[in-house]
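Below are two complexes that have chain A in common, paired first with chain B and then with chain C.
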Partner chain A sequence: MGIAMEWISASMKAKLISFWRALFRDPIIPFGLVSLVLLVTLAIIPAKDHFSEWRRYQRQYLRLIHDRGDSVTLERHFQGGIRQIWLPELAVADRCQTCHTALGEASLGDVSTQPFRTHSVIPHRLDEFGCVICHRGQGAATTVAEAHHSTLAPEEPLLPARYLEASCGQCHHVALPGTPNLNEGRDLLARRGCLRCHAVRLPDGSRMTPTDNPQPITHIAAKTTREWIYAWLQTPSGYAASSTMPDYQMSEEDARDISAFLIANSEPLSGSSLPTPLAPSKSAPDTAAGATLYRESSCASCHAIGNAANNMVGGDLGQEPAPELAPEPGPELTRIGSKVKPEWLQSWLQDPRTYNSHTLMPRYRWTPQQLRIVSAYVESRTDPELLAHVHLQPATAQQIANGKALVIEYGCAVCHEIRGIPKPEAYAPELSRVGSKPLAQLVFITGMERTLPAYLNGKIRHPQAFGPGLRMPQYTFTSEQADALTTALLSLTDRSFALPSRLQIPAQAVATYQPAGQAGKLMAELNCFACHRINGRGGDTAPDLTWEGSAVQRAWLDAFLKNPYTLRPAMIRHMPKFNLSDSERAELTGYFVTVYQKPDIDRDSMPLSGYSPALVEQGRQLFYSKYSCQSCHMVNTQKDKGSIGPALTNVGSRLNAAWIDHWLKNPQALRPGTIEPNQNMSDGDASALTAFLMAQKSSGAREAKR
Partner chain B sequence: MKRLLLILGTLTLTAGCATGCAHQTALAPVLQATATGSTIVESSGGKQLGTPGAMLQQPLVVQVNDAQGNAVTGALVEFRAAEHVTFDPAASLTDSSGQVSTTVTLGGTSGRYELTAASTDKSGKQFDLNITELALGYQTQLGYELDQKYCARCHDQVSTPQRVSNYDNLAVKPPAFTDGDTLNKRSDSDLTAIISHGGPALNRSALMPPYGATLGKPDIQALIAYIRLVSSPPSRIAGLVYARR
Partner chain C sequence: MPRRTDTYYEKLQRTRIWRSIFRSGAGYSTLHRALAIQQNIFLHLFSTKVRRRMLTFRATWYLGALTLGTFFILVVTGVLLMLYYHPSVPQAYADMKDLKFVVSSGMFLRNLHRWSAHTMVFLVFAHMFKVFYRGAYRPPRQFNWVIGVVLLLTTLLLSYTGYLLPWDQLAFWAITVGSNIASAVPVFGDKVSFLMLGGHQVNANALLRFYVLHCVILPLAAALLIAVHMWRIRKDGGLYVRQSQPGVESPRESHADEAGVVKV
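Our next item is the complex of A and B:
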């Protein structure tokens, strides 16, 4: 048995060996072959490393700097191999500098080929923040495709350059001077009603708040007709091109039913103790006189009117260089005569707050006759075409009921106050982290670029293209505005919440300063805060009045309120004339002079007149030679030409001497942001200039009396 | 065998080339010039301040003229620039007023962009026009804002309804920030001295007041960076040292 087994195994072995030999002849050869294959396989790894993309860029860089004059310095700065910025606290591990070798080399400023460009100057250090916090992308990747386009996990590719300011907004919740797009986008979010539907929570727990002022529709039947509402709902831009109401592309039936409901639901205006308005006038002389009063009252500062050539004139207060601080412009009045009822217009002009307690419109104290002519002029702005083809049958109960359902469905009450309709909560998705929304959660339109910025931009411009059932209406944003809004939305990221709180710079709290008493009531009626700022509240289109009591003389302030004029020779616009009564003016000037005083300025420490002629002359020389104040200011209208600062012709009867003295030494301490430079003026120079300026009274008295 | 391989390779190459060329023609329909001019002039849209990676607000419009200075209709104009700048359209025929309009999208980095509009004359020789566009980065944007707030009222001759220029009212005229011939001769430290201490610091007019106590160091650096960006002819490149004239 054993022998048999042995024989079998021996014969098997012989057979195997002969088979092997037949195949390879010699065992050395396969051994060698296998070793070679192994060697080659092992060699692939260093070869792959040697021929890698980043090594190629580093070799290119060394060739680039080799021939330059400062090659020795540049070569000393260069570090080969993978370079990484590791900031565990910020979750940053960026290897971008492996290829972008020259980010900090200022002397390579002329090199325009990537990846060797120097980084433009920014206020942050690369090694403190890394790259991806601003540029996004995959910092740990070492290939261009993966780092820039995130091919393996298509979630966070590089942020396109035009939205780059979004990254500043992750920490900076206040407006920065160098990020105009982000600032505009945030302003649009607040001003164009986005925040009324979409909630945006910030990392510090606060919420962004809307700054627009939609009209209440509680008393709409007193103001306008059902026909106008019907036409407006279908195409808001048909009435006013500048309308900020979005276009719901509403069908005729929906517009018919909603207009029926709004008129039926309207409450009559009550609580008005005002005298009954005079019969509206349509006579030509009244209209012409009304036009003059309209101009004198500076209505055009807030309201635009289209002229014969279809250009908008006026309403430019909202388009100043810093729109976020300018007041919301008033409604365009090109076709107002086709909208409002004459009796409503007169009662509105008499006291706007009876109709809308939140309006920005000041209450002009017009006489009944003035009311009659200014409304005659405003009523003359009509468009006979607007409602020519609107003929509505009387509303049925069923249409009214259907209109109510539609008002709830369209979400009208999100913005407008409507009787009996509760304001819906969480009407649209929250956008607090929309800048990090995963692509898997987005539904793209076929053919559009599959990135988050492209999605947001497309949704802002054409929301209805993303599906007929979507509630978001069509807005009229320009492409720059859509880019700005996209930038603001892209700043709302997960990273913004994850970054350490020491890096967060919170938005300025909304100032809620409210002046007290009768003067406070008057200031609310005149809406001073639309243009003036006091204690941090209000706009910046007119001077900050926080320390006005220290600055101006009481008699001048009273005369100015009686008949406002412009202090700046280059400006046409001035404060409107509110026709205040003597007692109202006394109330306001008294309040200003007593309350708005800077504690460290003693008004009575320097006299208003009686300075020695020698000191006045010394001041004159300083004014014209050393400080050359005439480049911006005028003292003598015949001789001086400077038209930037206020005219100083009557400054001696306008300002207090102590204020001028403090102002000259440090203007920014008294009015932050004023453009008059701080000249580090000595006490002696300041008092001489103050004496000279206080001597400028002659022509001023005449002007104030005018 | 070898011959077979050779034929196969040639076939592949030809096929590849054919599809490639076909692809190219499908992308850009060839425009045929119906007329030729001899010069290109800029009508509008040059020297705009834009955002990196974004479309410029105004289109770039150029005009083709013949030797007599009359506008030429139907001349082919092609726009070219360094990488990452895109034109829509990149080539077009001049309209009835001899003009071509294109929208320009700048590259993703801030700085100066040199664009070229080119056309060919009767003999087939090319002539072109160089146009500069500027993209503001964080620092130059800050400089622009400061210029608008503090400087442009005197240094910019152009008046707008929002800002009436004070240039004409000044006894000594300040240089425009675009005036490279004047400002490029001044070093960064000279400009810093004038801005901080006023004109008299360098024996210039006292009408230029000192801003050293009003603006911070980064503000002044930003202003200088902005002045260097907008200057025409371009300011010298950082890193190279020239003798001062």
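Our next item is the complex of A and C:
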């Protein structure tokens, strides 16, 4: 056997040697061989091109449309070869349509196999925007793997459909009606404190600003106890389910030391500005009266209370339809009695700005009696379980010093104002371009999907899972909220910065309108902007007051502020009664009537009374017959049934004639979006109706009664 | 040489046009052939006569010729690639994508250029080893050895400058590392690095500089040096024959040292 092997190898060797000699004896032979190899290679190259992936898809498409009724039209539309959308301005060269041949073919709507589906109807033209602007992926590629899944820097894989709204946000920095996820995400970024630690710069150079309103804890000892702080720090959700403070999963020692420091560091409230404490009430608190006063003061507009079934009631001020314009809701009051000290609560209710000069809480001018009722009502919301097991030893100096170090380490001062602790700068990484972060710069947890959206989502939901020592605390986001936040973060891309500025739709500047003078101070104190909008600032749960001075008569406004009532028969809720003094009301009405004027309405161009009875009668006819106003409004409470629009029984004492006249001719011009139809009324009809409406004065009985 | 009937080729060679282009004239005599080489601007660099034995594989392993061949391939593919390439940021990378996805045979061109470049570097080294171990660097060829060393450096520089042009991560970091090495040189290292990159970082300036170096300056330098290298082979007595003694031109061939005896 061995000999045979030897023989074979010997003969092989001989053959190889003779082959070698044959090959290189004459230099022509290797030259010929090399030429042959080159020829074969040159033949392979065009063959590879011919059998490429995209040609296969185009052949499939032609087979698909061949048997259809409209094949002639479709074949005429079809253009073979590499198809691309080239948009130099957007730095886009998209070849997606090479395979996705039928994006614009409406008649192929029934085809569900990719890549031949038609594109859904969108507000933009495909050939003006290309594909990768919204879907990401590598537009230049002509193979599926490269176009859809490549993650080599700087290419990106396709954006999952549920985050697609992120792409709108690259140009549209203003909230769009079609992008609820993105809007919610941006709102959460601003509202849940993300922007306090993470800076987000926008392409126009501005910064996203937080809209939350974290409590200063400079005077915390006046408000609550160390035990409560201790329990709160460990599990904020144990006190308030709707807490926006994240869970730091703090150890007992850390919570003990921080609470010791905060109490020791607390500054007593300065004595002179303190509201006078009330004498203790002798009688038992009247819960029914408390509930009524709580409701009438619209406390529930801002404050939520968990009911017996653990559902939140209230605090839903202006959630829809434009959450970004709504003011921040107040803290949840479910267990408030276990938190605040009664004397603090009373002084807070008397004048919130003594404790926190930035609070949104209005200053109600409650009488001492009302104060007792409402504070007792609020104080009764307790949870004996909350602090039942908290027993703290008196704080040592060591604990207090350690607490201070911990407060700095945890970054408490990023949100809260704390005496002696400076606000840290750049506490967390800037997120201005986080939506384009290369995967090479991310540290993934083993087992997680290696994509940027998955990373951001995971980081939002379980920040602590990404490694010990990371400072980001645990938030309580639902999975929808986490998706919305991911969407908002994914919209912060390099491309967004690279786009020419004329393609950017900047965010509406935050309305900073501030009324002037004494009236302005009063309006801030009453927090009018929580519900009313003036010159673009404020909520939308109550009427826009921008032109209130042109609309209403001063006497009526004064009476209304003194005793607010609802104008619409179908509504029960009305403006809270603030117990304004005569001088305060005079200040406010004077300011309103002077400042909030629509320039093209001359208030004094039409008289408030003295219209001829004939004209009034003509107006009545028009009211009841031609325009059938009574179907929505009531003039006569006995006869009319209209309860959609405001009651007009008193309108002659309420509105100015010139305003009514303008309103009748074009309601939408004075209040965009009002449901009152524009009747294209002639001048004659409008003045007759105005005369009729101005004749609807209050009998005087109502005024006398109040 | 036996008398033959004239072929069309031979008739063509006698036309006035042909004679005006090729000065050496037609004919198969040794003189004619020698003249064909000697009077051609390109071929006159080479020896007019070569020993047949020197054309066998074992004599040189064709390493020099193969190096020249890869250089030709690199010039041709490089010029074709230049038709699709912009030395600008970030268009350079987009051009790579175009070559990959839409240019006919674009990938083939890139790969041929790339592999030829690697092969050329390898062949240059092999050529130098062969020359070194055969002792062909010795006088009177010592200056041609020096030219060869400069050609080695030119080849390496061509390879290095070409590395940046795709403008991908690999390119960027390779050149960053390279320029950092340069700046580690004492005293004037930073100046060298700055001169190389046209700045302190690998950026648009560096890309442009490397492009000009890779496509204009270094290829021209290489072509010039190759021409001198070839010319010197002729001037230094043709391809090196082993039995020649150092410094002494052997008048005739001998097989004496085929056994590997090195005469000193």
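One rule holds in what follows: the second predicted complex is superposed on the first by the 546 of 706 C-alpha atoms of A that agree within 3 Å, B and C clash if a C-alpha of one lies under 4 Å from a C-alpha of the other, contacts with A are read in each partner's own complex, and residues count from 1 in each chain.
Everything below uses one rule, namely that a residue touches a chain if its C-beta (ideal position, glycine included) is under 8 Å from a C-beta of that chain, and two chains touch if they have at least 3 such contacts.
Worth saying up front: this structure is predicted, and the values here are computed from it rather than measured.
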Is A:Y565 in contact with chain B, with chain C, with both, or with neither (first, second, both, neither)? neither
Could you say whether A:P46 touches chain B, chain C, both of them, or neither, answering first, second, both or neither? second
For A:A93 in the superposed arrangement: first (chain B), second (chain C), both or neither? second
Based on the superposed arrangement, let me know which partner A:A140 touches: chain B (first), chain C (second), both, or neither? second
May I ask you to decide whether A:G178 touches chain B, chain C, both, or neither, giving the answer as first, second, both or neither? first
One more residue to check, A:K641. First (chain B), second (chain C), both or neither? first
Please name the chain, chain B or chain C, that touches the greater number of residues in chain A. B
Just to be sure I read the superposition right, which of the two partners does A:F19 touch: chain B = first, chain C = second, or both, or neither? neither
Both chain B and chain C contact which residues of chain A? none
Provide the residue numbers of chain A that touch chain B in the complex, in ascending order. 70, 106-110, 112, 117, 120-123, 160-164, 177-181, 316, 320-321, 479-480, 483, 570-571, 625-628, 631-632, 641-644, 668, 675, 677-680
Note which residues of chain B are touching chain A in the complex, please. 51-55, 57, 82, 107-111, 137-142, 145-146, 148-150, 153-154, 161-162, 164, 166, 168-170, 205-211, 213-214, 218, 221, 225, 237-240
Looking at the complex, which residues from chain A come into contact with chain C? 24-25, 27, 30, 41, 45-46, 49, 82, 84, 93, 95, 138, 140-143, 146, 152-154
Could you list, by residue number, the parts of chain C that touch chain A in their complex? 55-58, 62, 93-94, 97-98, 100-102, 104-105, 108, 169
